[in-house]
Every structure is written in C-alpha cells, then in structure tokens.
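Each remark here refers to the structure printed beneath this line.
As written, the chains take the letters A, B, C and D, and residue 1 is the first residue of each chain.
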Amino acid sequence: MTSELIYICAGSGLVGLAFYRLATCRDMLLRVLSLNVLAVGIAILFLASARDAGMTDAVPQAFVLTGIVVLVAVTAALLALAEQIDRQRDE
Amino acid sequence: MSLAFDVLLAFGVVFTAAAALGTHDRVASIAGFVVTGLLVALSLVRLGAPDVALAEAAIGAGLTGALLLRSAWRLKPAESRVSPPIDRIIVALIAVCLSGALAWAVYTAPGAALYPALVSERLAESGVTNPVTAVLLNFRAWDTLLEIAVLFVALILVRIVAPAHPQPVVLGELMLPFARIVVPMCAFLAGHLLWQGASVPGGAFQAGAILAGGSLVLMLGGFAVPTPRLLSWGMMVALLGLAVFAVAALSTEALTGTLLLYPDGAAKIWILMIEALLTLSIAAMLCLLFCGMPRRPLK
Amino acid sequence: MSEFLPIAILMTSLGVAPLILMMPEHASRLRTTVNLAAAILKLALVFWLTAVVVQGGSPDLRFTVVPGLDLHLQANALSVLFLALSAVLWLITTVYAIGYLENGVDRSRFFGFFTLCVASTVGIAMAGNLFTFLIFFELLTLATWPLVVHRGTAEAHRAGRIYLAYTLGGGLALTVGTIWLYALAGEVTFTPRGVLGDLAQTDSIALIAIFVLLIAGVGVKAALVPLHGWLPLSMVAPAPVSALLHAVAVVKAGAFGIMRIVYDVFGIESVQDLGLATPLALLAAITIIWGSVCALRQDDLKKRLAYSTVSQVSYITLGVALISPLAAIGGLTHLIHQGIMKITLFLAAGNFAEGHKVKTVSGMNGMGRLMPISMFAFTIGALGMIGVPPLAGFLSKWYLGAGGLEAGQPAVIALLAGSSMLNAAYFLPILYRAWFLDPPKDAPVGRNLGWMLVLPPALTAALIVAAGLFANAPFSPLGWTRFVVSLEYL
Amino acid sequence: MSDISLLVLLPLLAAVGAATTPRTSGIWGLTATALTATLAVWLTLDVFQDGARYIAISGWVAPLGIVLVADGLAALMLLMTSGVGVIVAIQAASWGVFPSSCASKDAESLRAGFWPMWLATLGAMNALFLSGDLFNIYVAFEILGLTAVGLTALSGTRSALRAAFDYLSAGLAGSLLLLLGVALAYGAIGRVDLAAVPMLADTIAGRIALAFIVAGLAVKAALFPLHFWMPEAHSSATPVASALLSALVVKGALYVILRISIEGGAGMEALRFALAVMGAAAMLWGAWGALRATRLKLLVAQSTVAQIGLITLAIGVAGDNLQQNGLWQAAALLMLSHALAKAAMFIAVGRIAEELGHDRISGLNRKELRPGAAEFAFAIASVSLIGLPPTAGFIGKWILIDGLIARDAWIWVALILIGTALSAAYLSRVVSRCLRGGPHVAANAHHPAWRIGDITALGLATSALVLGLASALPLGLLEITAK
C-alpha cells in the first residue's frame, strides 16, 4: 500500500498545482498546459486506486487510456482556437 | 530500494510539473511538461499499467508536447497579469486543501474493485488475451466508439477554426537524417504494437500515436510536404475510422442481434480488423490535428 | 349537440383571434366581416345555450391536462348571466370599434387581441373549476396588455407596465392560492354552496390565507382598493378598450371571480364560519367611498369614469359579501347593470373626444347641443349610475339596501345613500354643463361621426331603460339573477 | 439493427457523411435529423407500450459492460432533442447558418462545418440520454463539449472565438472534474455504472465522488456560480447555434444531474440541498443579469442562466423518492418547456437582429419597421418562460409548487415566485418594445417580410404554449421507470 500512497500524493499534488495555476493565470497556453497536468494527475489517482494485491485492474487502465486520447483531441482543439484568436488580433 | 525509487519518481513528477507551471518561459515550461509526462509514464509502469504508460509517453507527453510547442511558436505571449498576492495565497490554500482531501479520499477509499474478477472470468470469450484490449474493444467497445467520435469532432472543430491555408511548420534539412532512422522504426513499431496488442501491452491507440509521430517527423523534416491532396487523403482515412467502426457496430447487431457482440468464434478477427483500421485512422487524425487541414475550396 | 355549445362559444372568439392577428393590415373589409360574423354567431350560440340552461341542461366538457387537473367548461345559470353580458356587449363594442379605428394603425393586432379578450371573458364565465378559471384569467391579463399600450406613446407604455405589474402580481397570488387549495382539497370544481366540506373546521388558518390570496388575485382586476391603481392609468387606451375591457371584461372578470370564490369554492357558510364575510364587505365599502371621492377630483372625463368604475364594481363585491339573498340579487344584477351603464358612458365619452376633442369635464359645456344623441345616452347612463328610478341602477341599489337590512347591517343603507350622493356629485355637474351651458364659440371640431359610433351608445342606453322598466320579465337581468341566487341560497 | 443503437450511430454516420461531402451536407443533415426524430418517436411509442427497454452492449451486462437504458425520462429527452433539432435544422437549412450581418469571410465553407457539428451533437446527446454508465457519460460529454464549442465558434467573430475558448476550457475542466468523480467512485465501490449510484450515496467516499461528478456536471450545465463561460458563448454564437446550445446542449448535463439525483436515494440529501440553493441563486443572478443586459441575445442567454437555476432548484427539492412524489417530473417538464421556448426565442432574436442589423434592446424601435412575426414569437415564448398558463412551464411550476406546499416548504415557494416575477420583469422589457406603435412607427412603415425563421420560431413558440395542455403525455411517459 505504501507505494500507492506515494503515487496518490503525487497525483493529488498535480491536481492541486494545476488548480492553482488555472485559478491564477490568464495566458491561454498555460491554461491548456495546466488542464493537461490536471488530467495527468487524475490518471495517476485513478490507476493508483486500481491496484489490488499487486495486480492492476484492466478496466480503469482502459478508462485512463481513453482519457488520454480524448485529452489530446481537446488540447488540439483548444490550441487551434487560441491560435485563431491570436491571428485575428493581428488583423 | 523500490520504495526509494517510487519516492524519487513521485517527487520528480511533482517537481517537474511545478517547474513547468511555475516558469514564465514557454518553451521551458513545455519542456518541463514533456519531462513530467515521461516521468508519469514511468510511474504508470510502476503502477502496473504498461499500456497506459505507452500511451502517456507517445500521446500525453510526445504529441501534446509537440502541439504545445507548435502553438508556442505561433502564439504571441499574452500580457501577463499577475493576480494580487492575497488572491494567490487564498487559491494556494484552497489548492493545498484540495490536494490533501483528494489524497485522503483516494487513500481511504475501500476499493473493492469488481472488475478484475469479471475480466479474468470472461477474458477467454473476448477473443484477445490482453485484458486492456479486451476491455477497449470488446467489453466496453461502446466507449471506444464514442472516443473515436471525440477525435472526429475535434478534427472538424480544428478544421472550422483553422485558417483557410495552414502554414506547415518545417524544420528542414536538419531533420532528414533523424527522419531516415525514426520513420521506418516508427512504422515497424506501430505494426508490432498493433499486432501484439492482442496479447501483451500495446494496441491501436499507441500504434496510431507512434505512426502519427513518424509521419509528423516526415513532415517537419520537409520530407513529405503536406500538399492539399495529401491532406485530403489523410482526411479521408481519418474520417473512415468512425464510419467503419460505426458500420461494424451496426453489422454486428445485424449478424448477432446485439450491438457490438462479435459473431461466435470470430471475435479475434473482428477486433484485429477494427484495430488495424483504427490505427491508420487514429494516426491520420492525430497528424491532421497537428498540422491542420485546408478547408474545402469554395467551389 | 348542445354538449359542445361551450366549446363552440369559446372558439367563436378563441379560434378567430389568431386568424385576425394574421390578417394583413389593409384587409379591413375581410377583418370587419370576420369580426362581426363571429360576434353575431357567438350571440346566437349564447341564446341557444340560454335556452338549453333554461330547460335544465348544463353542458359540461372536461379535458384532462394532468391527472388531477382538468380543463373544465361548464355552462350553468351564473355563467350564462356573464356570457350573455359579454356576447351582447362584444357585438356592440365591435361595431363601435370598427368605426372608431377606421383610419387607425395596427388594426389587425388590435382586433386580434380584442377578440382574445372576449375569448378569455367567455372562458372565465364558463370555467368549471378554479384551474380553468385561472388559465383564462391569466390569458385575459396577457390579451389586454397590447390593448392598453395600443397607442404606443410613452404614457401608454408606462400604463402598460403598471397594468402588467399589478395584474401579473395578482396572477401570482391567485396561482399560489389555487395551487394551495388544490393541495389541500384536491380538484376544486365550482359547486353551488362550496366544496370545502369539513376543511373549514380543520384547516381554518390555511383556508383564510388561501382566501386572502385568491381575493387579492382577483381583487386586482376588480380594482378593490388598494389594488386599483392600474385602472385610471389604463384609460390611455382607445375608447372601445376602455369601454369593453375596463367597464366589462377585466373588472367584471375580477368581480365574477370574487363571486365564484365566495359562492362556488368556499360557499357562503364557510366564508361566514371563517369570519371572512365582514372584512370583505368592509373592503368593498371602503372601495365604494374611496373610488367616488377620487372620481370627484378628476377633471379628465375618462379618469372620472374610471374611478366611478372602481366604486361601482365594489357594489357587486358588497352584494356578495353581505351574505343575504337579497343583497346577492342586488350584487349580481349590478354585474349586468353596471356593465351596460358604464359601457354607455365610455362609448359616449369616446364620441365626445372624437367629435369635439373634449376629454375633460370642464370642456363639456354645451355638449348636449353639439352631440345630442351621445349626450342623451350619456345622461341615461349617468342617471342610472346615480340610481334614479326606474333606470337599471336603481334596482341594484334597492336590492342591495334591502339585503343590508336583511343581513342586519343597516349601515349599508347609509353607505348606499352616501355613495349615491357622491355619484350625483360627480355626474350632475357634467350633465349640467352639457345641457344648460352654451358651447364655447370656438368649439374644436373633430371628425364626423358615422352611425357606427353613434348607434352603440344609444342602443346600450335603451338597454338601461329596458332593464329597469321590464325588470319583472322572466329574462330580464333581475329575473335571471333571482334564479341564480335561488341556487346558492336554498 | 435496433432503434436504440441507430439513434446514436445514425447521426454519427451522417456527421461523417456531411464532413466528407460539404456540398451536400445540408441534405445529410436534414435527412439524418428527420430520421433520428422518427426513430425517437418510434422508440417512445415502444416505451409507452412495453415499458422501459435495455440493451446490454456486446452482450455484457453491467457493471463490466455498458447498458443502454431507454425509460420514460430518456425517451422524453430523446424526443425533445430530435424534435427541437428538426425544427432548428429546417431553420439552419433555409436561412443558412449565417445571417447576412455576419462578418465571416468564407461563410460558405463554414456553413459546411455546421452540419457535422450538429449531427455529432445529436448523436452525443442521444448517447448521453441512453447511457447507463458514468464513464460512458464522460466520453459522451467530451463529444458534446467539442461540438458545442464548434457551434459557438462557427460565427468566426473574435468574440465568438474567445467565448469558444473559454467554453472549451471550462468544459474540459468540468469533464476532468467528472472524470475525477468517476475515479473516486471507482475507488469507493469498484464500479462506475449508473445503477451503482445508490451504493455511492450510502458511503462517505461515494458521496465525495458524487459531489465531484455533480460539480463537473454543474460546470457543463452552466449552473451558478460555474456559469461564467456561458452568457458570452451563447450570445456570440450564430442564432441557430445559440438555439441549439441554449435549448438542448445544457440539458444534457441537467439530465444527468436529474438522473443521479433521483437514483441517489436518501444519501444524496445534502447534495440535493446544495443544488437547490445553487439553483435559487442562479435564478436570481441570471434574472439580475437579464435585467441589466443591453443586448437582446445577452438577455436571452442570461435568462437561460435563470431558467437552469429554476430547473436545478426543482431537481434539488424533488427529493429522492422516484414513485411517491412527482416533483422530479416537474423538473423534466420544465426542461422540455425551456427547450422549446428558448429555441424559439433565439431564432426569433436572430430574425429580429437580421431585420434591424443589430440586437441592442434600446434600439428595438425603428421608425420604418413595424413589429413582425418574429417579435410575436418572442412574446409567446416569453409567456412560456415566465410560466403563465397554459404553457408547460406553468404546469411544471404548478406541480412543483403543489408538492412544495404539501411539504410546507414555503421558502422555496417564495423563491420560485420571486424568480417568476423577475422573469416577467426582464422579458417584458423586450416584449413591450415588440408592442410598439403609435408615434414610434412612421406612417409608411412596413412589416418585415415572412421568412422561414418566422415560421420556425412561431412553430416552436406555439408548441411550447400548447404543450401545457398536453402535459399528460410527457408526464405519462415519465411514469415509465426502469425498475
């Protein structure tokens, strides 16, 4: 259980960091980055709670995998929006 | 020993993430983020999730990092308004409380998972031996279908907001020698991951991501210029993924009477076919999400 | 066949209103035809329905909206009374309005909402339960608003806002009261002598609160003091609107609502047991006096009439609240009598404004010579209001007074006397100016009035005389009222 | 092929089709929407006759597999979505997604972006309504979040893009909260299907998980105080998109909140109370915003904040008992009525703005223009939103207040009444200007010509009005529950 606790701490630490950055920063790129950190933190938490007697449950693994793919899609969309906003500011 | 490693790794993860979020230099913070991603991938291996670790390294760290870098080049830095310190202290306090509460909640959760027993009981019927693949493409294939739809709509969204004529990012000659080694390796690795995903860690998403990475290296190196023609072919392949998966789902229903229930004994074939197609399609989608795509010409 | 009469009567206006609303502005002939045809058809249907009710029928239609909530249309003696009033006066006012707005703007909108108002009035008359009543009551609010702001001036919009605030506020109170009563007593079907049964003993406090909410809700439309503020302001509306809506439809819907709540929801016994009759009567008395006093101070003719309405409508409330058969007859009769008298006054006042641009009492000098027919009608109406025998108004007051004695409230006589004095005080100067003073030499001349403007007030004036003279005929308002009251006080 | 799977897959397939052949995307869009609506009607009839239906996808039952559940509530939501969807789609096809005032340079190609987005929205919402699994709901929300942002960004203006970015980042944060909740739920009871919600509500860890899930949903539903992204997004999108976003998309999150709340049992009481309080606050806050709004679209968007508050309040006070009191049915009815009325309102506003060339409330009076059918539609929709009889909003409020009075919960009754009065106040700001005339209109003023937009707006508004009288149908449908 100890090693899980370590990773749980790391995961919740990432969540806290990301929350802090999201609440205090307006820069679009950094916000996207924070959201990604948040997602990574949640992924660690999810998998850390999926450990049972040395085995890791396959279903949460699939969940997290799905989450990662979904996240990259949303990140790409967010960045495309940010770039377009920036481009329109130029014009 | 391994405990010390875990502690070090976890500390590294939090530290690099803090560094990534704390610095004002964008490239540095993206670099920090990528390193965090790789360390997280390592932690995931330690947590017994090598499939996820692969995906995190390829997609979470690699592709996301590349996307962020691309945007960092294009976006002008925003005027940074620093919130008043009192606000920051309050937010920091909340963040600490949140972290603590979360850690406590997760740690004390009873965690009587029902799934492992169910999965191992039914793995034999699923047609594959890797439990994660079984979950993704058999037990909960519906999630995966919708996930492909997420990629699809992200692609359309990028197409809507992207400028009419995207400018490819080309790093040029520098990349060429690198590309010559990386690309064939990527192709090989992708094929391998796809094939072995049925039994050991690996599968469509990781393979797709690796393939996408290879293609991106080609493009960044100017080796393959993303001509409109190439891009529209890519688009076709990308769109095909959702279409074929949905049609396959409907056909299974027509054949067996149940949505996504593969015909008896043919589960492995079905899953492999779908996975192969998804690999191509995911690769195409991820590539296009990175380099953008031209909108249709007006006429 | 006669079972569907209520819905047919409703549809002659509810179904026609959207058609009129959608008509192009310039299709005035089509609009006139549809309007008049619908009004005449409705009148015919109401006559038919009256015949059915006289023979003991009571057509009854139900449509379940939600289990426990029915749309319920029912035609009985009381509803026929109100129906006949609105059908007759609708026809007359439609003729008047067509003439009045001959060259106006937005006529499709005007007549569309006008028709919708009548639809709501008809619905209120035939509502078989409180839920249905509430629906048409709110519809009336919405349908009148566009008419109040019809002129589109800033003043009209201000009046419209205030009207809406008052009536929607009242509507909220009525809604809460209704829901509360449904929660307490289940479906509240209007039944002579009330539906409460034993609840009056067990839940008296809740019932008192409900009564207050319901009366406050309908009291806004009945212009009970202190909820009357919207009525004088709404006089910015065109004359036909003031006439039909603020003399008949809206305020009468309120008064009719009070009647329904006291008679058919609570029942007079419960109202007495709960100790609610006397406060209501007091409120009515205060309104009667206060309205008259305010009327005295108005120089604007329509505002004076409006305050007179405030005062006169409360006669009905008083008749209901006195808990005596004779007073009830007086109140109910006044529902009809006040309607035809007040509409006469408003139509005539509209004619003064159109014909000679006279809008104030002080400008009435010599009006009898300038516009004899309209002024004659106005005089009949005014005298009726004061209660000069043998005109209609006298009968109502007579019965109210007798009812007051019957209920052991001789103060009512004093109230009526005082009120009549006040009525005289604010009407007689107008008559004096109009008949006995010379018109100013430079009297402004407005447009030429056609028969469509002159005939309607003359017709209603004739009705006032007839209702008084032939009061003992079986189908006079008085005769019918006796019949209705006999059902409530067995 | 069953109707249930087609309800999700058909729109998704059509979305691919529309994306592949932009020139015929309108045909794809209309056909698929109409077919989906037909399927929804079909399914509803089926549910009416034979009760709730289940599909165990891949033949695996919950908790391992995903079960699709079509009960009365789900059927009603499906019907609402495709019904409103069909009318808005007709509007989109005829009018074009872009009014002439839109500044976008290449509207033609952007228009092709609308149909895939809308079809994917439809598919995602249907998947959401049918889903019986929390993680599956999360994935469906990701589709919905992206398509909603796509619809917002379609107009291509800078403010729209800015709003789209805020919308997507808020939506992503909401999704991640939801995912965190799912993770915690997994930690607490080891499964994440919806049927396990009662178990979650019984344990402390499970309640924390539910709180995260509801918080994530609250972001997506734009529930005060997490609505900050919404007014700007809904008011800067094109009218058709706004109609879809405001009328339908937020309902997805509200639906899941309602589902969780009625499944959750007594353990949810604290969370429900929080929802009710937030709902009441939203009602007041949104009304305040609407009273102060200077632009018509912003007023309508703020009124959505308030209406979401009302619905959430209804969900919050509804209590847990699925059968004994019907208060949660009021919430469903209010959702339905709001969907129709708000869609009508946004389309009407689009038409008004198209005629005027702007949407400032103070500038609604134009001398040479008489009020048109769109303004009339706006007025009717207002009646529905205020909740005056005989609209479905009225019946919904009736049921709600009836239940609250029976429980002596007078504070909530008072709050609902205040909200109602405020909504009348801010909507009459607009409606009174729709009733202009007299000196504000020139003698030679003309009525705006009839467009499809007038007809669709009127149709939606009238159906919201008449729906009240037919409330027995939706309420009867809602009686059909899964157990």
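Please note the rule applied: contacts are C-beta pairs under 8 Å (C-beta built on N, C-alpha and C of every residue); 3 or more make two chains touch, one makes a residue touch a chain.
Nothing here was measured: the structure is a model prediction, and the numbers come from that model.
Asks: Between chain pairs C-D and B-D, which one is joined by a greater number of C-beta pairs in contact?
Replies: If we tally the contacting C-beta pairs, B-D comes out ahead.
Asks: Whose Cα centre is nearest the centre of all Cα atoms in view?
Replies: Of all chains shown, the one whose C-alpha centroid lies nearest the global centroid is D.
Asks: With centres defined as the mean C-alpha position, give me the chain C-chain D separation in Å.
Replies: 42
Asks: Measure off the straight-line distance from the CA centroid of chain B to the CA centroid of chain C, and report it in whole Å.
Replies: Spacing between the chain centres: roughly 73 Å.
Asks: With centres defined as the mean C-alpha position, give me the chain B-chain D separation in Å.
Replies: Roughly 31 Å, centre to centre.
Asks: Based only on mean CA positions, could you tell me how far chain A sits from chain B in angstrom?
Replies: Chain centres of chain A and chain B, defined by C-alpha means, are spaced 12 Å apart.
Asks: Can you list the chain A residues in contact with two or more other chains?
Replies: Correct list: 15, 28, 32, 45, 49-50, 59-60, 63, 66, 70, 73-74, 77, 81-82, 84, 89.
Asks: Among the residues of chain B, pick out those that touch two or more other chains and give their numbers.
Replies: Those would be 102, 106, 109, 111, 113, 115, 119, 139-140, 143, 147, 150, 154, 157, 161.
Asks: Residue numbers of chain D touching chain C in their complex, please.
Replies: 370, 376, 383, 388-390, 395, 398-399, 401-402, 405-406, 413, 417, 420-421, 424, 428, 432, 435-441, 443, 447, 468-472, 475
Asks: Applying the document's contact rule, which stretches of chain A touch chain D when the two form their complex?
Replies: Touching chain D: residues 15, 22, 28, 31-32, 35, 38-39, 42, 45-46, 49-50, 59-60, 63, 66-67, 70, 73-74, 77-78, 81-82, 84-85, 88-89 of chain A.
Asks: Taking the complex as given, what residues does chain D use to touch chain A?
Replies: It comes out as residues 64, 135, 139, 142, 145-146, 149, 153, 158, 161-162, 164-165, 168-169, 172-173, 175-176, 179-180, 182-184, 186-187.
Asks: Spell out the residues on chain C that touch chain D in their complex, using ranges where they run on.
Replies: So the residues of chain C in touch with chain D come to 21, 25, 63-67, 69, 71, 105-106, 109, 134-135, 138-139, 141-142, 145-146, 149-153, 156-157, 160-161, 164, 168-169, 171-172, 175-176, 179-180, 182-183.
Asks: Considering the complex alone, what residue numbers of chain D touch chain B?
Replies: Chain D residues touching chain B: 1-2, 4-6, 9, 12-13, 15-17, 19-20, 22, 55-60, 63-66, 106, 108-110, 112-113, 116-117, 120, 123-124, 127, 135-136, 139-140, 142-143, 146-147, 149-150, 153-154, 161, 164, 180, 183-184, 186-191, 203, 205, 208.
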